[in-house]
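Next up is a structure, given as structure tokens.
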Amino acid sequence: MCRLLGYFGQPVLLDRLISQPDHSLVVQSYQPKEMTAGLLNADGFGVGWYHATRKAEPFTYRNTLPIWNDLNLQSLSRYVESGCVLANVRSATAGLATDLSNCQPFQHASLLGIHNGFIKDFRQTLYRPMRDRLSDLAYQFIQGLTDSEHIFATVIDELETSANLTEALHHTLKVLMELGEAHQTPFSANLILSDGNQLVASRYAQGVPTPTLYYLQDSGSVLVVSEPMFDGNWKALPDRCLLTVHHDLKLDITPI
Amino acid sequence: MCRLLGYFGQPVLLDRLISQPDHSLVVQSYQPKEMTAGLLNADGFGVGWYHATRKAEPFTYRNTLPIWNDLNLQSLSRYVESGCVLANVRSATAGLATDLSNCQPFQHASLLGIHNGFIKDFRQTLYRPMRDRLSDLAYQFIQGLTDSEHIFATVIDELETSANLTEALHHTLKVLMELGEAHQTPFSANLILSDGNQLVASRYAQGVPTPTLYYLQDSGSVLVVSEPMFDGNWKALPDRCLLTVHHDLKLDITPI
Amino acid sequence: MCRLLGYFGQPVLLDRLISQPDHSLVVQSYQPKEMTAGLLNADGFGVGWYHATRKAEPFTYRNTLPIWNDLNLQSLSRYVESGCVLANVRSATAGLATDLSNCQPFQHASLLGIHNGFIKDFRQTLYRPMRDRLSDLAYQFIQGLTDSEHIFATVIDELETSANLTEALHHTLKVLMELGEAHQTPFSANLILSDGNQLVASRYAQGVPTPTLYYLQDSGSVLVVSEPMFDGNWKALPDRCLLTVHHDLKLDITPI
Amino acid sequence: MCRLLGYFGQPVLLDRLISQPDHSLVVQSYQPKEMTAGLLNADGFGVGWYHATRKAEPFTYRNTLPIWNDLNLQSLSRYVESGCVLANVRSATAGLATDLSNCQPFQHASLLGIHNGFIKDFRQTLYRPMRDRLSDLAYQFIQGLTDSEHIFATVIDELETSANLTEALHHTLKVLMELGEAHQTPFSANLILSDGNQLVASRYAQGVPTPTLYYLQDSGSVLVVSEPMFDGNWKALPDRCLLTVHHDLKLDITPI
């Protein structure tokens, strides 16, 4: 379990997203309200963003400390200004190293992704089957040992044969459904992906409770989060649905 | 606020003290029950211990990670076997670096010490007055910037002119009382100290609620803790009292 | 001993300063050429910069890892674009924690500073005398225990009564000279300071060899460094001199 | 490239092995003499040891900092006393996270192992072929992404069908030779392994220079190291040979 944040719209300072809201990602780290598993999100964190004006691969900043203990983040949050941001505070599986490689977002070329959820007993269940079906490129991409990174590696592969990012996420979930059934393995897969031009999110689980996912649309931006960060007209993304935030901020919700 | 543990008696594996109890120090790190301030104790931790058979300066192991995320501690807890142990999980003051220098226990020659509590607005109140009265030795000893380390440095000085460790702790608290009054500064000062031959603890506060402190005596050992770690005949150390655990495991409780 | 870099001029990506040159700060970290003490600069590092267009307090990023091992820096170096940058790779005094608080640059309000050099046996010599003469503000500012930070705290105080940053640096060096003589303590003090509108540097030592400091002026910028980073018309700042890089990129060199 | 140390014999303090020798592992970290690739060994380190008297799984302590910057190690080196020790200072492949999972020694049940050398372009060459032939147990064991850990995982598998540890190491090298030839991939594989009852080492390379490996036998112990640590009757292990240090300290050298 983690807490996710995706932002698409007018460029804003990271601060506005990560620290300033009443129930900011920092607060969700030590006092989350809607976790379906785990107590805290204090096992590292990460932020990824696209440049507001310049064409460039996205940028990431990750740390293994609890987000509230990272002094560098205070400077970076005052400096970084972006119109497309993904952020994550992590609740790790017990007994694994809180290595940087296990912190999100994951990045590949122009693609960023974050995941909230888990594959049950991952190393004993879908770990090897998921790896075995990866292309060499996606296989070699993997640096850590989280289920999240293996799902992201699957997205990398599916993107090769999909019409767009929404379809790639849909196909990835189908791969998980099939493997989950074949190996009788429950999983939950709330994901937020971006290529800088759009934001795509999923809310999905099989055999375990579906984690929450909310979105908020206003005139100049869309927020997608695990938990509402302030009072406002937040809407729950329906279970088993995909959300696409297009470049013009129009939304599509499609059942999975 | 932190959570403290002191053990004196038959040598035991660290594991037995830190991880195995139902409400172990690890659990108190992410789910404490009796905090008078703060929510978690996830801003680093530390363990100090004396050799079970060999005469030597005590040993310390400290880390800035939450205690539950330190994989090395799992090995060390299975290896280290000691009859005199002090341990601490830390709840830091917001905005300060979670540096190693700010993690407890503090060690000076054969002395180990841990502190739970705080001096209100420390840097603006007693910080400079406390330093100004230190000997050069105690002054130069200080590595970090916590109120706790400055209290420990005062113990180092008071020990020079005290008959024993209990008296040194008593004198240290008197220094705090006087400075606290002179500068109208509330503070709380639950401490556990040891020189390897005895354990001394205090429960004291001035102008703020006194943090809890419990002890448990059985045939071969005495435990002193912020929160009871398992079902048993724990007794609350009365407010404004000193507890001395003598080498023969006899206890003295004296009012401050 | 550390290696210093100061940049003032047209906004550039950090990458251009830190990683890309042949003898970049990264290379100087593991293979420095002109150290007067120490072998490596692998005990942490830091970068500070001012916003290229927006009025704001400067930003800092520091880490205790060797600079070559920081994956986040790769992203930040591609993202951060600034016309006024200070950076430092650190060679620590043995036996002290490589805490974040001991990493440079130091920042206070709009002021950034870095220091290469050392005060001999600092904790036993000028540590307490330097602290004793600080204002409460500068005293409370100090987070770590390096000589460098204590010199920077003295700058904070001297700035209050100086006409400009150059004068404040000059006065700070005079304080060091007097204290150094009074306590028979050799020291070296190559510093680079900025307030975002200018860069000021010193090359000075008393009783020990003066560390190197070079500058390079071209049409749109001035670089000040411990070691030349690429082939070019680098000039050694004369010993016991101050260098001022004015806002219009004009240079002043004045003897100390 | 890394620097290795194996010790078997009378129990000694870690200090005696790691810090006190003239050319100790700490010195080899910042000033190695016989590296065939790389300049430093400052990308983390680790120590593994067996209990001197009690039957138990071995213990490990690893850190991503340079070994000279680990303050905890100073305490542990004064405390830990063992008759069977493996230690490693690491020189990482550029661009990979210096994660704990990539630090050695590796441990599986009673087995400890360290590796000096590399598989050329590992992720593009033998990474996937090596994983594909692993048992599920060895596959799931892997936590990081080093070639070293994949070689160790192969040892885990080979041990299942080998008469002893020496044979398991020999079989592992044969696997590497075959895969190396099949994929035209040079590699070097200096390894030290132990199960607490013996020490086994290899010196081997294919298509690249063989790293050095020395041993020193005295009345009560045997040392195996990448670089001699002090003046003494060190002997170079011949290229393409295995060294077995039996429980009675007798040595066997057999060609691979």
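So that you can tell them apart, the chains are marked A, B, C and D in the order they are listed, and the count of residues begins at 1 in each.
Rule of thumb we're sticking to: a residue touches a chain if its C-beta (ideal position, glycine included) is under 8 Å from a C-beta of that chain, and two chains touch if they have at least 3 such contacts.
Here the structure is a predicted model, which means the values were calculated and not measured.
Engineer: Strictly by the touch rule at the top, which chains does chain C share as contacts with chain D?
Structural biologist: Chains in contact with chain C as well as chain D: A, B.
Engineer: Quick one: compare the interface residues of chain A with those of chain D and tell me same or different, with half as the dividing line.
Structural biologist: Mostly the same residues form this interface, as more than half of the numbers used are common to both chains.
Engineer: If you average the CA atoms of chain B and of chain D, how many Å lie between those two points?
Structural biologist: Once rounded, the distance between the two centres reads 39 Å.
Engineer: Where the CA atoms of chain B average out and where those of chain C average out, how many Å apart are those spots?
Structural biologist: 38
Engineer: Among the residues of chain B, which are close enough to touch at least two other chains?
Structural biologist: 71, 97, 100
Engineer: Quick check on the complex: what are the chain C residues that touch chain A?
Structural biologist: The contact residues of chain C facing chain A are 51, 56-57, 59-63, 71-72, 75-76, 78-80, 100.
Engineer: Within their complex, state which residues of chain A touch chain D.
Structural biologist: Touch residues, chain A against chain D: 96-97, 99-101, 123-124, 127-128, 131, 136, 139-140, 142-145.
Engineer: Flag every residue of chain D that touches chain C in the complex, lowest number first.
Structural biologist: Touching chain C: residues 30-31, 39-40, 42-43, 64-66, 68-69, 71, 92, 94, 97-98 of chain D.
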